[in-house]
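Common to both upcoming complexes is chain A, partnered first by chain B, then by chain C.
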Partner chain A sequence: MSLAEPATLPVATSAPPRLNILKRFTTRFRTSLPAYLLLLPSLIFLALFTYGAMGRVVIDALYQRATPKAPLRFVGLDNITAVLADPAFTGAVVNNLIYALGTAVPSIGLALLFALALARTNAVTSALRAALFLPVLIPMVAASALFLFIFLPNVGLLDYYIGRLLPVLPNWLGDPDIALYAIMIITIWKNAGYYMLFFLAGLQSVPEDVMEAAHLDGAGPFSRLRYIILPELKPTFLFVIVIATLNAVTQVDHVFVMTKGGPSNATNLVLFYIYQQAVEHYDIGMASAATLLTLAALMSLTALSFRTMAKREGGS
Partner chain B sequence: MLFSRRLMLGLAMAGSMASALAVPAMAEGPTEIDLFFPVPVDGKLARDMGTLIKEFNDGHPDIKATAVYTGSYDDTLIKTRASIKAGKPPSAVIMSANFLLDMQIENELTNLDGLIAADGSTKEKFLGQFFPALHGNAVIDRSVYGVPFHNSTPLLYINADKAKEAGLDPSKPPQTWAELTDWAKKLTKRDGDKVTQWGIAIPCAYDYCGWMMETLTMTNGGRYYNEEFGGEVYYDTPSMLGALTWWNDLVSKHKVHPPGATPGPAVSTSFISGNAAMMMLSTGSLTYVRENAKFNYKVAFIPRNVRNAVPIGGASLIIPAGVEADKQKAAWTLIKWMTSPEKSAWWSRATGYFAPNMAAYKTPDMVEFLNKNPDAKTAVEQLDVAKPWFATYKTVPVRKNLEDEVMLVLNGKKQPKEALVAAQKAADETLKPYNAETSLKLP
Partner chain C sequence: MKLIDRLYKDAPLATRHEITPKLGFLLTVLLALAWLIPFLWMGVATLRPASDGINLMAELVPSLKPTLDNIRDAWEIGDFPRYFLNTTIICTGILLVQFVTITLAGFAFARLDFAGKTLLFYLFLMQLMLVPVLLIVPNLRIVAQFGLYDTLAGVMMPFFASAFGTFLMRQAFEAIPTELEDAALIDGASLIQRIRHIYIPLSIPSFSAFAIISVTSHWNDFLWPLMVINSPDKRPLTVGLSVFTATAEGTQAWGTIAAGTLMVIAPLLITFLIFQKRFISSFVTSGIK
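Let's look at the complex of A and B:
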């Protein structure tokens, strides 16, 4: 767009508008052609794999079959209302909210703690950073398979060590009261190291001279954290919160491997609900409607956060 | 304006790319066919399948079959459906036996009657090769839609060493629920309130849970579902109530079964490690137990309360709808070859599933194998009392309607009766569209 604008302006002002529309159009097109040619490869793939698929979801969300052999017919927003009325969907939304809060807050807290503790670079902190970052390198599916063994009731690692201290051995993944929290532990374990990286980077931008000045003024470690470090880290926080929230919705590999949303839907998250609708119920209309709702929620959330971020950047 | 131009460009490009891709491939030489196969148990199966297909191709120069690994049973259904929708169905698929009805309802299967007739055979003659218990999941509306490939039944596994230790005779395994309850009590070890060894463990995770509920219900005289019609399940019935109540009693009253829902692999690990003295599990796990148990074990029929009966499990070979005639014929040749007595027997020995073709058990290799591993015989003997696996319209969600409630019961959150009433209600709701088109569509 920015490439096209300057070239078109003189044409627009010099010629009488109506007669020259076609000419204007071709000139504009000719001047911006190189830009579009450059954009073309990515446009093609975006159209094929992103916009095309999204468009298809919008269309699919509007159709439904009344009975198995009946043809698809247009039902408007019926699929969306059906999804909203489905207790399994609302249950998944509630689970997802608990999951998002319960994974984002502890993992961001831990990440900040790790980053503050390991801010200075030396042999020891480098080794510790690597150790904390290690879970990020393990694919979620592999990690879930590992934790499946750790959580095995009675014979797993966790029960072997912790079980001796408890009066009754919990069935970590088989008890609907515990299962979601067991799943959350894996997410925190896996993501804290990743978020730590952002905070480590953010800490580099805390100005050294301000810290020194505060030090000379007699500000203790807590005051330095409260009044200098945390405010400086605000953009990092915003970014990490967005990433953590997106992760809470888009990462369901462990649910898939470990619980399949069970027991009794206790670990069913929104994305897994969509999978169930599409695959188990074979109901593309419902699955598309649920996808649209999730997309809308995620997009508005992301827009909101980045707008807040942009405002801050513009203001400072 | 800008937007629409970009869109048009994109569309034009996409169109030209699509047409470039659609250049027809010339069909010459051998007929190329794809076989989708799942690996429901463990990794070695993929290698065995490679060996099998290579042997087939060597013996059939006019056909070139390719085995495509497609994940679990559920994944295989997804991938098959996706490729049918894309207009490029595989020529043959090894499909979980209880998905056939659902696929037939959705018009996704090729009726095999024509291929059988073209061979000069009859349905009765063709099906007659297979154990009668397997017919139910292969025949829909009196037409053949699947050919049984590998099958299983649930078994009772007993740690014989622990049984002897508890003063029980493992050569006389429990035959009734009463005896099993008694055994489980004697085999449970406690340290104060804490259980250090469970008497029995029965798996309950999505898929396995429904199969075990069907097993317990059948041994209690029940049916679980209507074998003749895909629109009905019998959840809120005395036979299922008795089954679920007994299972719940093992957990909460007798405290001889671990609480909560435990998936199959956790149950087998528990058994192998000696933490559970008995378990109910598929015959498909027999090879795993044989290779890993460091103690003497014994397998037995699932004990009865009313009658001896178990559901079958496993998979059948199908031809999806929309496969071209020449590929259909090639796939049919492959299917007949794979389910022949020799190949069926070979696959059974490699995997632990039983061979559906009865003649497989008369091949010399199989006779020798059974003499060496008499425990593999139990599953075959139990086939006399086996019945079809539940299959309804939307099999998976209807099964889940029950499983979610059973899990609540095993966790002490609901009583069996109210759970089954809720399960029945949910399942009836899921089955409603199908009934609206069939049983409730009145003149």
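Let's look at the complex of A and C:
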């Protein structure tokens, strides 16, 4: 007999009500059993590394050691307040906000430009799309290795070609005022091609006949963009903004390879701070508290955007 | 301008004279060329002989005396074959287990009716919302508790269940007509047989889309393996490359760094250039992974 074959449902309604409920419950469970067995492998790993990890963060955030060798003791919200009072953490949050804004806006703007210019499919646009997409594929570490030389003072690629135009050569990664922006350039270079794909997909839903009607009515390219294309791309924008924000928090590999958060914490980002607390300072309590705060911020953001998206779908 | 006119020959007649779209296209062409410069430099610097000196290192015009010395040096200094092997083991291991977990769970959500289906669906969805990368600290503690610290299995384990993959497979399975399954059911095929012989063969495109996303993201993963792996001989490519870069940077061996980077990214780039269309359509579905 097959596992998924629906078991016969109880038809007898004359049985005493309580027995009926119990019986219905066990039958329901028995018919559900195959599904549970199929879900079990996934659920085991989700339980360990998603819910388990989540619980672990909450518990670890509540405990602290007085000295590295001292036993763990319950400290309540002390870790959270300590993290919030740590200038390195608040600095990282501010850096991360600048970094998020400074990478999301240009890369989304460029992605839209690329998508609009390359919306038609032919050999030339396919080649250009591929060129813009290449950075998406390579590891952030590899991109960092290449940009280390590009930003190298004096002999690096940037100084060699455009540095001559400037009166004073900037130290791209060594100057605390510039380093964060240098880091942003890598992220923009790496992500614009990825977001372009979503805009290319979104542009396909712009109705051709409306566009034609618009320029018959004398609408120029900018008013067509403003009144037809952009409203149509609204869901794509929302989606890409969420991804860009998540990337701004999770992509920190280049910070690790290029600056290690320096000079003087100018490029320290939240995830790198968490890494430092856990691996360099062995402070699991602080690392967990910082993780918890970041997760709370990100989850409220994604929940909000999911709700907006669901509302939009329900409304239309 | 002739060339651009030819590109716009299928645009609606009324818009063909408009200048703004053409300027946008030109800007995009320039930016696409700029986007390729780091790759161009990587290729040129890899082949540049050390005798050219540090001052010519940034020159994008290839050297007249190309050499393979940099590649040989990178191959000798970094333990790249070992890193390749480790990354391949990690990516294959994750993908194989994921195929099993997402097929079974995806089938349950697509075709079976069971108590608590909505609740379980949301439990899966939570994985997408929790942003796994952020959970490195608790995950490291869990992996250590299992005694898997400094093992490749420890690197793989947190990724064995994939909500993204489950939803992708659910979608693929839902599109398969139930009549096919009913026929197999009459012939007495068991649940596993039906999945194996009907659902999996008809969902190969979805499996390959998922494989592309899974392999590229784990091939490029850095922070997590960096935390789990301690022994040099268990490093994946990304961690190996970062150590290699740090060493070579000290001696200003930029040609060697370019060669090492080239070796690390070449497999992905070549695969992309062969299966370009498939990569791009997979990445569109990957939105939130």
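Methods note: the second predicted complex is superposed on the first by the 291 of 316 C-alpha atoms of A that agree within 3 Å, B and C clash if a C-alpha of one lies under 4 Å from a C-alpha of the other, contacts with A are read in each partner's own complex, and residues count from 1 in each chain.
Methods note: a contact is a pair of C-beta atoms (placed from the backbone, for glycine too) under 8 Å apart; a residue touches a chain by one contact, two chains touch by 3 or more.
This structure is a prediction, so every number in the text was calculated from the model and none was measured.
In the superposition on chain A, A:Leu128 contacts chain C only, with no contact to chain B. When the two complexes are overlaid on their common chain A, residue A:Leu48 makes contact with chain B and with chain C alike.
With both structures placed on the common chain, the touch criterion links A:Tyr36 to chain B and to chain C. Of the two partner chains placed around the shared chain by superposition, neither chain B nor chain C is touched by A:Ile162.
When the shared chain is aligned, no partner comes close enough to touch A:Leu304: not chain B, not chain C. In the overlay built on the shared chain, the residue A:Val279 is in contact with chain B and with chain C. Partner contacting the larger number of chain A residues, of chain B and chain C: C. Touch criterion not met for A:Ile21: it reaches neither chain B nor chain C. When the two structures are aligned on the shared chain, A:Asp175 is found in touch with chain B, with no touch to chain C.
In the superposition on chain A, A:Lys69 makes contact with chain B only, not with chain C.
Applying the stated touch rule to the two superposed structures, the overlap between the chain B and chain C interfaces on chain A comprises residues 29, 36, 43-44, 46, 48, 51-52, 148, 152, 155, 279. Remark: chain C residues 7, 10-12, 14-15, 18, 20-21, 24-25, 27-29, 31-33, 35-39, 41-42, 45, 54-55, 57-60, 100-102, 104-105, 107-108, 111-117, 120, 123-124, 126-127, 129-142, 157-158, 160-163, 166, 185, 188-191, 194, 216, 219-220, 222-223, 226-227, 237-239, 241-242, 245-246, 249, 254, 257-258, 260-261, 264-265, 268-269, 272-273, 276, 279-280, 283-284, 287-288 touch chain A in the complex. Those residues of chain A that touch chain C in the complex are listed here as 2-5, 28-29, 31-32, 34-36, 38-39, 41-46, 48-54, 56-57, 60, 110, 113-114, 116-118, 120, 122, 124-126, 128-150, 152, 155-157, 159-161, 189, 193-194, 197-198, 201, 211-212, 215-216, 220-222, 239, 242-243, 246, 249-250, 252-253, 256-257, 271, 274-275, 278-279, 284, 287-288, 291, 294-295, 298-299, 302-303, 306.
Per the touch definition, chain A reaches chain B in the complex via residues 1, 29, 36, 40, 43-44, 46-48, 51-52, 65-70, 148, 152-155, 167-169, 171, 173-177, 260-265, 276, 279-282. The touching residues of chain B, when paired with chain A in their complex, are 2, 5-7, 9-11, 13-14, 17, 74, 77-78, 81, 102, 105-107, 193-194, 198, 204-206, 258-263, 265-266, 269-270, 273, 275-276, 393-394, 396-397, 400, 403-405, 407-408, 410-411, 413, 433-434, 436-437.
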